[in-house]
Amino acid sequence: MSNYANAKLVEEKVFKDPVHRYVHVRDQVIWDLISTKEFQRLRRIKQLGTTYLVFHGAEHSRFNHSLGVYEIVRRIIDDVFRGRADWDESERLVVLCAALLHDLGHGPFSHAFENVFHTDHEYFTRQILLGNTEVNAVLRKVSPDFAERVALIIEKNYTNTLAVSLISSQIDADRMDYLQRDAYFTGVSYGHFDMERILRVIRPRQGQIVFKASGMHAIEDYIMSRYQMYLQIYFHPVSRSAEAILNHVLKRARKLYEDGYQFKMKPTHFESFFKNEVTLEDYLALDENILLAYFQFWMDEEDAILKDLSRRFVNRDLFAHVDLNPEEEPERFAWLVEQVKSIGLDPEYYIKPDSTSDLPYDFYRPGSKSTKKPIYLEMPSGEIRELSEQSHIVSAMANNIKVDYKVYYPKEIMFM
Amino acid sequence: MSNYANAKLVEEKVFKDPVHRYVHVRDQVIWDLISTKEFQRLRRIKQLGTTYLVFHGAEHSRFNHSLGVYEIVRRIIDDVFRGRADWDESERLVVLCAALLHDLGHGPFSHAFENVFHTDHEYFTRQILLGNTEVNAVLRKVSPDFAERVALIIEKNYTNTLAVSLISSQIDADRMDYLQRDAYFTGVSYGHFDMERILRVIRPRQGQIVFKASGMHAIEDYIMSRYQMYLQIYFHPVSRSAEAILNHVLKRARKLYEDGYQFKMKPTHFESFFKNEVTLEDYLALDENILLAYFQFWMDEEDAILKDLSRRFVNRDLFAHVDLNPEEEPERFAWLVEQVKSIGLDPEYYIKPDSTSDLPYDFYRPGSKSTKKPIYLEMPSGEIRELSEQSHIVSAMANNIKVDYKVYYPKEIMFM
Amino acid sequence: MSNYANAKLVEEKVFKDPVHRYVHVRDQVIWDLISTKEFQRLRRIKQLGTTYLVFHGAEHSRFNHSLGVYEIVRRIIDDVFRGRADWDESERLVVLCAALLHDLGHGPFSHAFENVFHTDHEYFTRQILLGNTEVNAVLRKVSPDFAERVALIIEKNYTNTLAVSLISSQIDADRMDYLQRDAYFTGVSYGHFDMERILRVIRPRQGQIVFKASGMHAIEDYIMSRYQMYLQIYFHPVSRSAEAILNHVLKRARKLYEDGYQFKMKPTHFESFFKNEVTLEDYLALDENILLAYFQFWMDEEDAILKDLSRRFVNRDLFAHVDLNPEEEPERFAWLVEQVKSIGLDPEYYIKPDSTSDLPYDFYRPGSKSTKKPIYLEMPSGEIRELSEQSHIVSAMANNIKVDYKVYYPKEIMFM
Amino acid sequence: MSNYANAKLVEEKVFKDPVHRYVHVRDQVIWDLISTKEFQRLRRIKQLGTTYLVFHGAEHSRFNHSLGVYEIVRRIIDDVFRGRADWDESERLVVLCAALLHDLGHGPFSHAFENVFHTDHEYFTRQILLGNTEVNAVLRKVSPDFAERVALIIEKNYTNTLAVSLISSQIDADRMDYLQRDAYFTGVSYGHFDMERILRVIRPRQGQIVFKASGMHAIEDYIMSRYQMYLQIYFHPVSRSAEAILNHVLKRARKLYEDGYQFKMKPTHFESFFKNEVTLEDYLALDENILLAYFQFWMDEEDAILKDLSRRFVNRDLFAHVDLNPEEEPERFAWLVEQVKSIGLDPEYYIKPDSTSDLPYDFYRPGSKSTKKPIYLEMPSGEIRELSEQSHIVSAMANNIKVDYKVYYPKEIMFM
C-alpha cells in the first residue's frame, strides 16, 4: 500500500444529502474518485429510469445513490465495526471504494436498454475499474492490485466475504440507501424504516454480517418497506409502460439500421451498439442526455414507427395495459394482436407482454438460488438463525409473492 | 364560457408530491394542460439550473415546481377564498391555469442561456400560450380570449390585480413552492416555514392579497427562509462557476459559427439561436437534454476552447473564484487577466466577473422598483400596513443586503 | 334539534397539533365540550400510562389523543363523506361528539387501576355523558336524547352502524390517531403509515366503512405499523413491570384499609374505591396527579410493603422479568416464589405473573370474537371482501401472534 | 480520579429520543446519575410549565430536556473536540455531568413558584449536588471534589471557561436542545435550525467556544428560531394568564396560613414554604403532582378566593388580558381595578400586571449585562469577531426587542 491509501484531506469535506443529512469524506482516494469523469457521468443516469414519468419527484441520479451507499458503509465501518473481532480494518478502503463504485457500469435506462442491446452493466463496471479510465488511474495509485480487489468485491468473488456482504446481501448498504432515497424523492411514506436501529445491531461475524436478534423488528420493518416499495414504485405499471415504449424505440432503430435505412441524423452514438461492437469509450459516451436527444431527433424521421414511438416517449403518450399472461390466455392475446393490426399498427412494436419476473428486483426469498446472502440473526445464546425461521411476518412475505403479467398496447384500442 | 370550463374528471386525480404530499386535480382543463407536450417539456428543464453540481439532490425539474404552484393556488382559492367578499369565483380557472403555466417559457439553464442569446422566457411563455401549440388548443376550448387572459395574469397586466398577486408578489404561490421544494431537494433545513399558518391568514382584499396581522411571525419566518435560501443556495459561488463556464461554451460556439467554423457535428438545434432568428418551434426543441448532448458532442471538436470548456462543464472541472469587483480593484483584476494569458488561455473565455445583482433573484426590498407588490398586513383595526413598517426583522433584512462581486478563473492559476 | 346544534363559531378556532398540524373547530358544541371540566380532566390522564418510564417522550395525555380522533373523523366526514350516498349528514354532529368524548371515562393508569378496583371506564363514560356534568349540560342543549345517542355510538349499539365504525372498528379514527401519536411522542419510526392515502379511499357503504381496493397496500402498512407498535411499545416489558408495581401498591393500600390500618395521611380520595362505593364525583376526582401524590405520601407510611412499593414506583426502581408461564412451568415458578420468601418479601406483592393476553390491545384477528368490525375492501367490481382474504401479509400477521408470558420479580433475586 | 470515573457499561445503553433519535450512554457514572431519585424527580416537573394549557403537546418534562442537553454536549466533545488543541479531555466527565444535571434544582412551575416563595432553583441545584442525596453519593465516588466542580460549571464559576460555555452561553447545548424540543412537542415549525451544521463548525478556542464563520448563516437561523420561539411560545399570553392564576393561588394559600386559617386538608407539603424554612428534603418533596393535587384539594376549601382560583387553574378557566402598562396608563389601570371590585372580587388576587421583562428568557443582546457569553465567529483569517458585528440580521434582532406589558383580569369584565 502506498501512502496515498492513507492520505487524508486537510479538512473533512461534506456533501449535503437529503437522506443522510451529510455525506462525509476524509480519504483523499474517495475524494479523487468522486472527481473522475466516469463517476460524474452517473449524474446523467437516473436512479429509477422511467419512474419519473409516474412519480414526478423521482428525477434523482445514480450519483446521489452512489454517495449514499458509500456513506452507509462508512458509518458501519467507522462507527460500528472498528475495533471488533472478525473485522479486518485493512479492508476499510477497498470496501469504501466498492460501495462508491458499485453502480459505475450502469447505462441509460439500464434495464430496458440491456434488454435490447444485451450489454451488461456488471461487465462494464469491471471495464471501467480496470480499463484506461480516470477511475483506474486513481485506484492504481493505491496499489497495483487494488482495482482488481474493488472489482472482486462488487462481483461477489472477493475472499473476504464479510466485505462482500456489506455491499451485496439481502440487507446491504445498497438496498438500505435506495429504499430510503427512492421513498424520499417519490414522496411515498413506505420506504421509511429505522436504519439507525439496524446500524446499532449489525455485527461482523465469521465472514458475514449478522444482526443482534434484539433488532429483529426493525429488520421486519425494513422487509415490509422493501415489499411495499416494490409493489408501489418499482413494479408500477405506468413506468413499465414507458419502458416498453423505450424498448421498442431502440429495437426499431436497430432494425432500421440493419435494413440500411438512411437516418436524417446519423446515429453515431448508437452505431457500435447496433453492430454489437461496443467499446468502453462508446459505452461511456451514451448517457441519458444523449439517448433522449436522439429520441427527440427521431421524432423528425421518415419512418412512421420510429417517429411515432419516439414521440410517445418524449411527450409521455404511453401505452395502456391489461392483466394478461399470453401463455395462459393465448386467445385473448391473439385477439389483442388482431386489434392492433386492424388499426394499421405493427404488433411487433405496438404490443409488449411483460411480467414482474423480468424485472431486476427481487423480494426476500431465502430459499431461492439468488446469489444474495440471506439475513442472519444472532440470538442471545450466540446461535445464528436465518431471519424467516424466526419471523412469521417475513416468512409470510417471502412465500407469497406472485408474478404479475401484463400486456401493454396503444390506448386507441378499447379493450373488452 | 363553454361547458368545458366547468368539466370535472369522473374521479379526482392526484400526483404524489414530496412537498405537498398530493397535488389534486378535478378540472378537466387542468388535466388536459398537464398532458400537453409543451407542459411535459418542463420535465427536461431543471428547476435550479447548475445547482445540482453543488447540491446533488437538486435534480428536480420545472415540471415539479409548476404542479406545486398550481396546488398552492388551488388550496388558497378552494379552501380560503371561496365565498369571501372581494373574491370573484369566476376567476378561479384562469388563475389556476396561470399558476400551472407561469414557467412554460423557460429554456435550458435559463439565466445563463438568456444572457448569451438574449432570448426572453416571458416572451416565449406568451408565444406558447397564444401560438400554434397543444396548450393553446386546450385554452381556446374554454373560450376565445381565455389564453390571452392567462397570459395577462402571468405578465402582471390583468385587470383583476388580486389574481395577479396570487402568482406574482412578494409572497406568492411561486415563491412559497420553490423555497420549500428547493429546500427539500437540496436537503438544507433553511427553506422551512409554516405555510399552513400563512394559508390560514391570507385574505382577498380590494384587488390584492393581505395577511391578517396575527400571522406576521409566520411571514417573518418566510422572509428569513427566503434570505437564507438566497445566500446558501441561489447565490452559491460554485453553481455560479458552472454557469460561467456554460455561458462561455455557448458564447464560443456562437463565435465559431459566426466565423464560419466547420463543426464536426452540425449544430442544427443552435443555428437559429446563433443567427437570432429563433422561432417558437426552435425554442421548444432546445431543452437541457439536447443542450447537454451538444456539450458532449463538442468535447470532440477541433477548437481547443470549445472542446476544453465543454469538457469542464460535463466532467465538472469548474472554475475557482475570488472576491473581486473589477471596477473597484482594476489592478488586481488586470493581474488576474495577465495570469490567464501567461498560461496560454484567452481571458475572454477563461475569466468571468459576476455579481449577485446579475441574478434573477431578489430580496424583499419594499422600496425598490420591483414590479412585485409588497406584503400587506391587515391590522385588527382593519387598517392595512406594509410588512416592513411593522416588523423590525424584515426591515433589517430588507435594508442590509450587499451585492457580492466575484471573478471566476481556472484553478490552474494560484491566486495571491 | 335546537339552533345550538348548528351554531358556528364566528371564526374557526384551531389547536396546534404536532400530529395533524392543526385541529380545526367550527362548531360551537365542540368548542363548548372541550371547555368542560370533565374534558379538561383528560389532561391529567396520560395516554400511555406507565410507558413514559421506558420511552421518556411518552408523557402525552388523553386530551391530546381525544382532539386527534375528533380531527380525523371531522376530515373523513367533511372532506370525504359529505354528499355521498350512504352517508347521512344529519349524523355529523353526534359522530363528532362521540369521537371527541370516546375516552372520557378513563381513569388514572386505566388498565392497572381497573384490574384492582374493578371499575369500568366504559361505564363511567356513560355516567359522565348522562350524569350531572358540564358535558351533559352541553349535550342536552342540542336535544333531549343527544347525550344518549353519543353514548350509544361509543358503546357500539347505535342504529347507524356506519357512525359506529368510524370510531370503533379495526381501522377506526381512534387507532389511526393513537398509532401516529404514540409513535410521534415516543420517537419510534414504526407508527408511520400513509393516513392521507387511507382517507382518500375510505367510503361509506351500507352501514359500514369500506376501503377501495386500490388503497390495500396503505392498509397493509397500517396493519404492519400496528403490529410493530404493539410489540415495541404497548407490550414493552419494562412498562408492564411498572404496571405490576402500581397494581401491587393499590392492592396493598386496599388490604391495609380493609384491615383497619391507620394511615398517616387519610386516603380520602381512595376510600370509596376501597369500599366499592364509587360515585361519579369520586371517580372524576381521582386523576393521575392525585394518585401519584398519594404514592409519594405513602413513601412515608409505616407499612413496609406499601412504603417500599410506592418508593419503587416513584423512583423508578422497577421489577426484573423472566419469560415464564406458571401453568406450563409450575416448578420453576415455585422456585421463584421461594426465592422471594427467602429474602423476606411477600410473594403476594413481590411476584406478578403477566401475559400479553391480559392487555387491552388486540392484533388484527378477523376470525376472533372481537366486537370490532373487520376491514372490508371494495373491489373494482363493487364486490366487498374482508382484508385478510386479499392480503397475504395481513393473513400472516393475523394468524401468527403468540401470547407472551412473563413473571415480574425484584431485581435483588438472581434468576438462574 | 477513581477507576469509577472511567468505568464503561458493558454495552452502550440508549434512550429513544424524538429529538435526537437516540441518547447514548457509555459511562457508568452517567448511567448511575440518571437512576438517582433526584434525577427521576425531573419527570414530575414540566419543561414548559403552564404552556401545555395553550399548546396541548407541551406536556414534556425536564427529564427529557436534561437527557437532550447531555447528548448534545456528548456529541460536541466526542465527535468534534476530542483531539483538538485547546480542549482538555480530562474535563470530559465533569462537563457531561454538568450538562445532565444543570436543571436539577428546578421546582414545580419554576418561575411562578419562585416568584411567590423566593426560592432559587440555582441554590437548590447546588444543595442537591453537595447535600445528602443519591446524586451526591454518585459524584463523590468519582473524587472528593467532583460534585463541587460540577456545581461550579453550572454556576459559571469554573476555571475552565470553555467547559462553562458549552452549558451556558448564548448558543449552548441547553438552548439548542430546548428550542428544538419545545418546537417538537408543541408542533410549531419555528424551532428548527440546522444543529448538525452548527456542530460541524463549533471549535474550542482559548477558554471559550467559537464558530467557524462559514457556519454564520446556520447561527443566524438559530437566532431567528430563538426569536420566534420566544414570541410565539415562551411569551404566549394565555400561558402567562395561567401563571398569573397559579401565582395568586399560592399567594392566597400563604396569606391564609399566615392568618391562621384552618385548612380542611392540612397543607403539610407547603408549610415550610409558607414559613420560609425550606429544607432540601421539603424542596424535593414538592413536585408538580403534589402541587396540583393540593390545587384540587383546595377546590373544596371554604375560602372563596382560594377555592375559586384553584378551580380556575384546574379547569382551565383562565383570565383575559389587555395590553396595558400600569405606569404609563395609571387611569386605565385604576378603572380596571374598580371594575374588579365592582363585581365583588379582590384586585389583589384578580388582577395581575405582567411584562415580558419578568420572564426568565432573554433575546440575544450582546451589549447587555447578561452573564451569558456572546457568540464569537472565527474568521478565515483566524481573527475572532462577535456575531452581531458580522450579521446585520442578528444586529437587527438584538436591538429591536420591545418589552410587552399586559394586565390579566377575569373574563367576566368587559373591557372597553
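A, B, C and D label the chains in the order they appear, each numbered from 1.
Convention: a residue touches a chain if its C-beta (ideal position, glycine included) is under 8 Å from a C-beta of that chain, and two chains touch if they have at least 3 such contacts.
All values reported here derive from a predicted model rather than from experimental measurement.
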{"item": "Most distant chain from chain D, judged by the mean position of its C-alpha atoms", "value": "A"}
{"item": "Higher-contact pair (C-beta pairs counted), B-C versus A-C", "value": "A-C"}
{"item": "Centroid spacing, where centroids are CA-atom means, of chain C and chain D in whole angstrom", "value": "32"}
{"item": "Interchain centroid distance [CA atoms averaged], chain B/chain C, Å", "value": "51"}
{"item": "Chain A-chain C separation of Cα centroids, rounded to whole Å", "value": "45"}
{"item": "Junction residues of chain C - those touching two or more other chains", "value": "21, 188"}
{"item": "In the complex with chain C, residue positions of chain B that touch it", "value": "14, 21-22, 196, 200"}
{"item": "Chain D residues touching chain B - in the complex, by the definition given at the top", "value": "188-190, 192-194, 197, 217, 220-221, 224, 227-228, 231-232, 392-393, 395-397, 400"}
{"item": "Complex interface listing, chain A residues touching chain B", "value": "15-19, 21, 35, 37, 40, 43-44, 52-53, 55-57, 59-61, 63-64, 67, 184-188, 265, 268, 285, 287-290, 292-293, 296, 314-316"}
